[in-house]
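Look for chain A in each of the two complexes below; its partner is chain B in the first and chain C in the second.
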Partner chain A sequence: MEYTRKWSEKFSVEQVKIELLNTAYGNGHTFLARLDPITLFIWYIFFGIVPWFIHQETILLGMFVFVVITTFIAKVSPLIILILCLGLLSQGGYLLVASLFFGGNLATILPLLVLTLKLSVISLASISVFCSMDPDKLSNGLLKIGFPGQVSFSIAYGYRMLPSLLEEYHHIFLSFRLRGKAPEKKGFLYWRAIVYFCKVAVLSFYPLLLSTSKRARTTVEALETKGSFYGFNHPEVKKLKLANMKMQKHDYLFLGFTAFYLVCLFIFL
Partner chain B sequence: MSAQVSIENVSFQYPGGVAPVLKNVSLTIEQGDFMAIVGGNGSGKSTLCKLLNGLIPHYYVGDFAGRVIVNGKDTTAYKVADLSKQIGYVYQDFDNQIVAPRVLDDASFAPLNYGDPDYKRKGKEALEMVGLLGYDEEFIWQLSGGQKHLLALAGALAMNPDILIIDEPIAQLDPAHAESLYDILKELNETYGKTIIVIEHHTEFIANYCQKMVLMEAGEILWKKETKEALQLVEELMGRQIYPPQVTQAAYLLDRNKQEHLPVTLEEARQQLKHRLTTGSAVQQAAEIQLRREVLVRIKNVRFSYQTIKRNRKHVLKQLNLDVYKGDVIALVGNNGAGKSSLMRLMTGLVKPDIGDVIVQGKNTRACTPEQLANEITYIYQNPEEMFIDDSVRKDIAFFLKSRNIPDYEKKIEAVLEQFELQDLQNRDGRLMSGGQQRRASLAIGIAMDPSIILLDEPTANLDIATRKHITRLIASMKDKVGAIIIATHDMQLAAELTNRMIVLHDGEVIHDGDRSTVFTHPGLLHRAGLTPPQILQLSQSLNMEVPAYTVAEFIQAWQGKERHHGVHA
Partner chain C sequence: MNFAQDRYTLTQSQKMMVFILSMSLYGLSNMITELLPSVYLGPIEFSVEYFAFIPLTLCILFHPLYAAIGAALGEVIFGEIMLGQFGGLGELEKFISFSLAMYIAGTMVTDPRNKRQVGTAAMIGVIIHQAISSIVDILKVWVGVDELEAVPGLVESVVVIEGFSFLNDVLFSGILFALIPTVYLVPRLYGKIEPLLGMKPRDTTNKYSLKEIIGPRLVVVGVLLAGAAFLFEFLSNSGLNLIEWELDLGPAFIWISLLVAFFITCLIIVYTLKKKKKTIHDKTEDRRISS
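Right after this comes the complex of A and B.
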């Protein structure tokens, strides 16, 4: 009983909200989080693309070890890791079963494992990078590499709204529960209960959309009075916003170390 | 004093609107004024304020006629961005005007956008003015409602505007926080010389803080007067559904011929009335006999906490014990964050206690789903919008009945619609109605569920006084239809008029369980829980009347009883 309660608590809307916010903002003190967004972009471009072109398992394994370490340094939320593992396992498992059923053998499985390895490297690299950049940093980074002010603002604002939206969604969801009627029989494997909850979860979106669009009016007016449209059209404002962003010693050290590690991989393996 | 703002013969109609919202209004505002705009919902107060920063006519391009001059600038000739540097605006739904995730970033958002290299300092200064210094790096979702309001105020102050407009500053605050907010506004007005314009329903605050008062009705400005003078017009104000401070109402009723100047603040009333008061009274209050009745809800040793974003647990309720009896009308009072909403949510079964039990009509909430408990208990949200899950009021009321296949439910709906005066609104979408209508609809949804216990979370917040009185009457009409009503509220008038039991929560504990007479006569308790008794009660206490009066009517009755007793029939 206590155990199931703990689990149900882990997956409550409240918990999802906390995890999301922690993933977005909670890791500001890690080493990776102190790096400049440009450094992280460069690093990510490498780890996001290069693995596709490498076929040597040992090098991939070496890269994998590296991104596992960065993921660890980035203090990624356990929930995210769990979701990632589930995704990789289910995908790998599905391919394994499929290949065995359709006459494959170990020789077919191996390339599939390599693919899974590549995907893991890329996913872990993405997680380390995006968990290390809070939305403000990400939006400033995008602004710096030439995205328009509206795009970068939308990202930062989207995250600011996320908790409120989730909370409101939660309230509406509970409204349904407080007035609705759950099926009396749970059904085989709880299927009736599951269908009921899925239905409520979907229905709750409609009121949310309506009330959010209503509230957006104040926000847009406030943005107008706070001069954000003035800011988008004046380059000196952009300069001011980005004044604090600079590549520093630890940025070069990090990129240098990554390069050194990769060179070692290629030479010694 | 020079005119800082002059509005000359302005008419305005929103694009797509059917009637003009402002009809040929003219108004001047002097520098350094502290002005209140009053008027019923929909009288054009907010629209008037949006003239000043140019949102009308630049952002809302409707039919605009007339001229608005702010600090010598004709608003039609300048952009919203230019005008906004001189005018700060705090919305009623201030939550939606906070745009950055961190406190300091939000406070310095405007100066940054205008390219001010000193934007951080300006943001900090603004935070200091409102008393939010030290929260720079906090996330906005970690702030309480009151702090968010202060942050919205800081965001508006960051550009160092000359004029500050605040739409219903205290609608969601407990009495103690409301007073401290007005003290901040007063300081901004007196020390920093800002012109302050508030849209306000609480005339007691207007009397204490504002110098001028503007009355609006149906898109017109009826007059602008000095506050003291304006509040003398009791008949006119009451006729327009604006209620002067309780002490003013009482003094007026005592002396309809109005020889004297009516008092508008508690202190004035005390000074004026104490000379006329003689001691000794024959009025006795009938002591209500408390019978122990059937228990509807039993809360036993309940502790409740929830996880915060920082992954630690916040303890909201500590070792709480409470019984709710049949016939109880309970006011659950205490400052923001005392645990009132948590306690209510525990009773609905939406959340379960960490330890202890909540028993509703003999059912332990641990073993029940909220859907099952919904047959016994109804929870009406503080924000009625979150209760509208269908696209018309009628369907929303029907939702519960239909899902349970209650026979003859159509008849029931008709009855409820009539009770809450919603027949004309039944096919409207709840979200698009006014605040008072929404509240009525939410009560109707609750009562249609035929519960034995009804929980109301701040049922009168964000309403003008006339609507508040209406809602109070409606709640009173629910008394004999349900077993018990529990109202979490900051509205002490509501608590004093309607309830027969008052429970004071503080820091997750019940620090008092009594009724209005035991709560309001206990200064230490009031102070600790951040409560302010109704003004009329304070007056009767400061006049040392033996029988405390909780409503204006009681006050008049007690007073006249006294005078009759001494043969000085008024």
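Right after this comes the complex of A and C.
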């Protein structure tokens, strides 16, 4: 429970909001951030799928080195890397313990390491790509590769609204706690306190459901006034909106270098 | 009867409202559950997997399709992209399984005031979602580890771990954070929340069916994708042999075939998304003209 309290102190609402805005808008100046979204998507699609089908350790290792370098270039926040490492380690370790229990031996470690390597290549690639795109860029990129306008709108909306929604939820939660009565006895392993907190966390959604639905209505009315639905359904509007997105010299250079590196990997290893 | 059904069809703006509502609320809850710590009792993990009651409630109260898609998108945007944990293509699987499960749960309820119906729907929604995701997780290890049978104990351990987390999620998160809150919230919100979005409460006469989303196209695409996955697996296995035997041709061959296969898959996905959106749009236009 001490552990829980420590975490809850670290993740105060303000802290979370700051961290969120930082991940969203913090890395606008890195090399990857200046690339065109389409370049990043192409790059990512390769690194997101191909590692699954490669079983040669040396090639995987080479890819791993490459994505580590891109992650470094993208200046991803250390907190995210930490979360990723913990997740990978716990998953791999868990599998290992369980397979030892079922009569595996040390030979089990190698395939698991390869699996972990694959997973880390994929997740590092996604982190370096998606952390270096700010929301506007991401939504424009998605729009360009044919996602519906609603999706890109939702991303922009999410980034705008989430901090205020979080604050509202926090207020409701606090007012529930103010008016309610916390359990006097903590119970075994604090279970009464945990149950109480869970109950309040769920109940707080009731007022939030109603107020958010009002807000959703206002949003949609505003969208209608701006004529956004016309834009969602007519390709020429989209074209006009995305006219400034173009692949430039450094995009081609980046893709070319990646391809060169990978071909070298495949040939020499 | 027919008239009553026509009256419930939503305009595009109302669909968007349901979509935004479900997206922002479920996204918010997702962020909260991401930040909540999990408690370990030995190997057993007690964690709040998700607040499934929010999409379940909304799918039962409103049109299930838009609420389900909104919730799934909210999870991706708020819970993943904004926290910098976007898994890219892996999210596609989550998106599909989650929206499918929530949609099915929503279609099962005909009367939101009937608590037994709501409860059954909530549990079934959670079970479908968890079952799909555990199967996919098992498949991931199966594809990711070459010659799985050669490794002693790995198959059993993966199945046991996934089965265990399935049971844990269904019994713990499912009952505490899906069943109880949904049964509590749905009858209370019914008739209160709909006027805020400017629509009539759903009445017992209108039903949704799975046919609306599972058309022949979806089945064909699913089969194609599964086929593509097996092709990749086959290519990679034969590719290893090629590298061993003839060093010059091998890598280039895998390289090219992989690239071609991926481009085809991506094209299919993009094409279907476009087409789906177009048909949805056409349908709404038709409805508006006819009503």
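The rule is short, and it goes like this: the second predicted complex is superposed on the first by the 230 of 269 C-alpha atoms of A that agree within 3 Å, B and C clash if a C-alpha of one lies under 4 Å from a C-alpha of the other, contacts with A are read in each partner's own complex, and residues count from 1 in each chain.
Throughout what follows, a residue touches a chain if its C-beta (ideal position, glycine included) is under 8 Å from a C-beta of that chain, and two chains touch if they have at least 3 such contacts.
Treat the numbers as computed from the prediction; the structure is a model and nothing was measured.
When the two complexes are overlaid on their common chain A, residue A:163 makes contact with chain B while staying clear of chain C.
Shared-chain residue A:154: touches chain C; no touch with chain B.
Within the superposed three-chain model, A:14 lies in touch with chain B and out of touch with chain C [touch as defined at top].
By the touch criterion defined above, A:131 reaches chain C but does not reach chain B. When the two structures are aligned on the shared chain, A:223 is found in touch with chain B and with chain C. In the superposed model, A:44 makes contact with chain C only, not with chain B.
By the touch criterion defined above, A:258 lies against neither chain B nor chain C after alignment on the C-alpha atoms of chain A.
Contacts of A:214 after superposition: both chain B and chain C are touched.
When both complexes are overlaid on chain A, the residue A:171 reaches chain B alone and has no touch with chain C. Chain A has more of its residues touched by C than by the other of chain B and chain C. In the superposition on the C-alpha atoms of chain A, the part of chain A touched by chain B in one complex and by chain C in the other spans residues 157, 159, 210, 214-216, 219, 221, 223-224, 229. Contact residues on chain C toward chain A in their complex (touch as defined above): 12-14, 16-21, 23-25, 27-29, 31-32, 35, 37, 39, 48, 51, 53-54, 57, 73-74, 77-78, 81-90, 141, 143-146, 148, 151-154, 156-158, 160-161, 176-177, 181, 185, 188-189, 192-193, 196-198, 232-233, 235-236, 239-240, 243, 251-252, 254-255, 258, 262, 266, 270, 273-274, 277, 281.
Those residues of chain B that touch chain A in the complex are listed here as 53, 55, 59, 80-81, 84-85, 87, 89, 91, 93, 95-102, 105, 109-110, 112-117, 119, 139-141, 155, 306-309, 311, 348, 350, 352, 369-372, 374, 378-379, 381, 383, 385-389, 399-400, 403-404, 429, 431-432, 445, 449.
Contact residues on chain A toward chain C in their complex (touch as defined above): 3-4, 7-8, 11, 16, 20, 23-24, 44-46, 48-50, 52-56, 76-77, 80, 83-84, 94-95, 98-105, 107-108, 111-112, 114-115, 118-119, 122-123, 125-127, 129-131, 138, 145-148, 150-151, 154-155, 157-159, 161-162, 165-166, 169, 198, 201-202, 205-206, 208-210, 212-217, 219-221, 223-224, 229, 233, 262-263, 266-267.
Within the complex, the chain A residues that touch chain B are 5, 14-15, 17-18, 21-22, 25-26, 135-136, 156-157, 159-160, 163-164, 168, 171-172, 174-182, 203-204, 207, 210-211, 214-216, 218-219, 221-231, 234, 236-237, 240-241.
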